[in-house]
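Two complexes follow with subunit A in common, the first pairing it with subunit B and the second with subunit C.
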Partner chain A sequence: MATYHPLIAPVPNGEDFVFAEVKSSKEIAFSFDKTKKSLKEFLLKPEEVLMTASFTEGKAKPAPIDDTMKILFGARPCDITALELFDQVFSIDYDDPYYLSHRKNTIILGLNCLNLCKNGFCGITESFAPKKGYDIMFTELPGEKFLVESGSLTGEKLIHKSMNVEGVKEEDRIPIIQTFKSMNDNLSNEKSLAGISSIMALDHQALWDEYGEKCLACNLCTSVCPTCWCFTVHERIAVSADDLSDVTKTEKYRHWTSCLFKDYHTVSGGHVFNPTTASRLEFYYKHKFKGIPEKFGVLGCVGCGRCVSACPVGIDIRESLERLTNVEIDIYEPSESSESSESSESSDVITELRL
Partner chain B sequence: MKNKENPYIPFDATITSIKELNRFSKSYRFDSPEIRELNYEPGQFFEITIYGVGQSVIGATDSMFDEGFELAVLNTGGLVSSKLHQLEVGNVVGIRGPFGKPFPMDEFKGKNMLFICAGIGFWPVRSAIKHVLANRSDFGKMNVILGVREPSLFCYVNEVEEWIARDDITVQQTVDGIPEGEQWNGEVGLITVLTDKFEIDNPEDWVVLCVGPPVAFKFIGMSLNNRGFTDDQIYVSLERKMKCGIGKCNNCLIDGRVYVCQNGAVFTLAEVKALPGGLD
Partner chain C sequence: MTKPKVGIFGLTGCAGCQLEILNLEEQVLNLLALIDVSYWRMAQELPADPTNLDIAFIEGSITNEEEIHEVKEIRENANLVITIGSCAGSGGVQGMRNIMDNDKVKAAAYKDLSGVRSVPVKGVDEVIKVDYKIRGCPINRDDFVSIVTSLLLGRQPHVWNSPVCNECSMQNNDCFFERTTETPIYRSNICLGPITEAGCGARCPSNGMPCDGCRGLTSDPHISQLVTEARKRGETTEKILMLAKRYSAGSSAVKKSFEEMR
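What follows is the complex of A and B.
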């Protein structure tokens, strides 16, 4: 008997696209630049209860973790590259059972980008062709076809079971090679952020001060960022709607926060370690381009450009990186025609892979 | 080694005694089966959860050689510390830990020990002092310098008097000032009035453990440098906003790259000075 797993995929949302659970493949947007937010919310929940306990007696128990197997379609290479970082963060030294459970129970179906997206600069950050982190990768080929490759045993099994997937034929060879050649031509970049960690150690106070004047510390950039994972942990009384008078149950929960918030740097007694917006921006950039590479061996930025799209005051990470490194970052504005088109055949494959 | 258990879940501990240290601070002893199995070292810290209220990170105040596990808490007016001050013997709290890098007490064997305790910085240093006292023959000379804002804020007064009575430990104390109505016949001035006068022949035989507000480290460091100590000989413990204690949440990061909860909280002054913002 077939088991259907919930399918999360990009759907239109006003002028943007967001990941949402879909009931039919017709709801899926195949022609999407990238989703407004990254996929991190499905793996590191914006808020998650870690444990429950009694107010007076303790007896803490880990909160049950939703371990429903889900399929997430439409993960862009930048988002998958970001998972390489998250997978390390949540398993180094101590396993984080919540993230790891969501990760294990989310089948990642990636969708390669054939062109640079709006505000994207993944060529510079070398995050357009992840080597791992996905279960299946889809690449759109000419003639309303998709190349479907497994990146894990789970993916292998799904492809093997699928009726709509057939073996690569001899006549597919050239189109496949040409598609990747074109993808490489469109996305790769001879420029890089080599030396960025060393450059971050220099004094850039004038730059931080300038951005600090503009920045609203609104947290939009950090919340859409696929590589930001700062969270804070709190306790609360867990009141059940069934019995509002019962205040004996408590919860420890965590939620996303942002290093741009003053509160993030404030300790008991009121001292603030990074009191100005400029100092918090410096912290943000140093973490991404020095701290994360030092600890995890990867950049804390995958060049998705979501922060550029989200910033209400026009702070552009490409501009700041250009000013820091003196490496010019090309700005690409996609035209309508460069986007992939919806394919009925691809819909069938996605629907079937829910099996 | 990786902890296979859920690292966010505290164990329960019952408050067995509460002592008033001064008008702002209390010390708590706890007991539970897990506490009896605890293995911790001076300089390490714990995360205490008041179920339904909040959690806070607190350095160990006693040593493994004591009769019980003790934490001291200043009521800052914050949610957790003020609620802790309302708790009574028999109440249950949650405890996680120990976390962080301890003072490397084994490396200090054979050295003369200078302990500098500014304000509530005394509490985590007390853990190391008690460690040395319990293993007294492993260490050389032992000096303790205590400084508080005003005389009524001295803590563990009876214990300090016992130390003063010993001939193998020298204790010096100072207060920043004497408010009206308080008595004090000792030294008056910032803690550096004592470090400035610290007499040593051979600085290389000494190790300094110093805890206090990071801003004080600048001045204490300068004073000790003038006495011949290098920053590598001076060990400090930093405070930051630690939330998870296990290097995941990023709240305690300094300069976007150093986790106080994992890379510290014990650092040498040389390490802290090399970190932009380390002495903030």
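What follows is the complex of A and C.
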């Protein structure tokens, strides 16, 4: 597959896994917990030039958008669920050509989770089985096989072109049913966040104050979050005198920012809307569990638990939700034996896929 | 457009920031197309004219009476005063003698103390009004050029107004302060990224070193939270504060931030 388009897939990096371009399926970590960061960096780049102009003559023009077709393998269901929100955010009021171009040119190959990952709570946010947002969804079946299901026309065509894909046979019935039953048993949760947006409208000052005492406002949680999309826009003037008239050297660009920064809440004239970390955390939680559901009809949290892993001071969103809703959230402790290592043969299905 | 007249002055420091400007090499020539350097002792054979300046860049901290007098003169002779580097901005590393036993420091450095006429280390803005600070130890030369070009063209330079963590997390860096899977093992007990102003491109963390805090405090530093967390990891308050003040003990504003924390 990588011979046709660049292939991005999870690879090991120390104790964690990160998305990186791979040249062969041997580099791919098929049994990965989840990547440390979400896949948003490929769709909403950490930094992206929006337009360029000549400082002296104007002549503004849009920056060329990177529209190379990419294949992203190993998107977890939580990340795919988050795309449903991103797709709305970047097109609801007006289209964001940068995001939409990257989205259109990224073929998303999902990989279902069969067990709950470390710090994950996708059962509660009901984000472990997205029905759309991916092109193909892979599910690992016993016997070094993958079930492939398409979720778009692109995915459908891709599967049809592939050499090593066979139709589902009668002998697959039991493994398929068992796999999905066990997946459902492992991931689903009878507890839910029903009513959370009303609960968020109530006063929880004690909780915000407590977190405000701990939080470093470092933005690690927002940078790993698959549903955080905030960015800020700046200008960069050509650095040399010769380039001042060059229409490509003076740029307007955007980069990720975070609602935990003072700068985020500062307006013209220097007024700061949320001066304390406690009030910024309240804003953060209210946006995820009240603002986003009310505007986009989905939760602003997909239960991936990345913020829990990332937080240097140990603020745990599961604990906050428990305290807000009085619903206890089970913490999954992975046991040593639950991680089964994949044999290299199982990757053959992937390598034989052709575009 | 007449070229603005510029002076570059060096007080006490290692002169590394001025060297960074010289290290711009061909870009220096581009910059010279925009400005007229009338005073730069480090780069000129014969220092010309330090008066009637449009912009004065000051590097180095104030460590004796003569330098107090010198910066006042510079202020009178310049429309804009811009400090370069952490020495001029907040005292720099030599500012550490403000928080150590001064007699011991002197005795360690000089055999004969009769000629030593130092005063406590001060950043330039402790004595005169400073219009803009270019941060870093040393300054980042690209940062210098972009700030200077912005100012010359009458534009507001890009101020991050957020911690190094902002830039660090935009790259695929492993956080030094993050708890690893095998808690409670940390990659580092302390990283000054969360309280340090961004703009360096997270250079140290990207090259395997926790943030050193050379760019000084960000506008909204959460010092007490950082100290609390580092203490939980077994560091002493004294050590953390010593690290955090390493580049900025010559700044009363920074001193005040640390006092407020207690």
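The rule is simple: the second predicted complex is superposed on the first by the 334 of 355 C-alpha atoms of A that agree within 3 Å, B and C clash if a C-alpha of one lies under 4 Å from a C-alpha of the other, contacts with A are read in each partner's own complex, and residues count from 1 in each chain.
In the analysis below, contacts are C-beta pairs under 8 Å (C-beta built on N, C-alpha and C of every residue); 3 or more make two chains touch, one makes a residue touch a chain.
This structure is a prediction, so every number in the text was calculated from the model and none was measured.
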Touching partner for A:Phe55 - first (subunit B), second (subunit C), both, neither: both
Touching partner for A:Ser223 - first (subunit B), second (subunit C), both, neither: second
First, second, both or neither for A:Lys290, with subunit B first and subunit C second: first
First (subunit B), second (subunit C), both or neither touched by A:Lys161: neither
Which of subunit B and subunit C A:Lys132 touches, first, second, both or neither: neither
First, second, both or neither for A:Glu235, with subunit B first and subunit C second: both
Touched partner set for A:Glu47, first subunit B, second subunit C, both or neither: second
First, second, both or neither for A:Lys104, with subunit B first and subunit C second: neither
Which superposed partner A:Lys191 touches (first subunit B, second subunit C, both, neither): neither
Residues of subunit A that lie at the interface with subunit B and also at the interface with subunit C: 55, 234-237, 257, 264, 266
Touching residues on subunit A, where the partner in the complex is subunit B: 50-51, 53-62, 89-90, 92-97, 229-237, 247, 250-252, 254, 257, 259, 264-269, 273-274, 279, 282-288, 290-291, 294-295
In the complex, subunit C residues that touch subunit A: 27, 30-31, 33-34, 142, 145-146, 149-150, 153, 155, 158, 160-163, 165-166, 169-172, 174-175, 177-182, 193-195, 219-220, 222, 225-226, 228-229
Contact footprint of subunit C on subunit A as seen in their complex: 13-16, 18, 37, 46-47, 55, 118, 213-220, 223-224, 234-242, 244, 255-258, 261-264, 266, 277, 309-314
Contact footprint of subunit A on subunit B as seen in their complex: 2-4, 6-12, 49-56, 76-78, 80-81, 91-94, 239-241, 243-244, 246-251, 253-258, 262, 277, 280
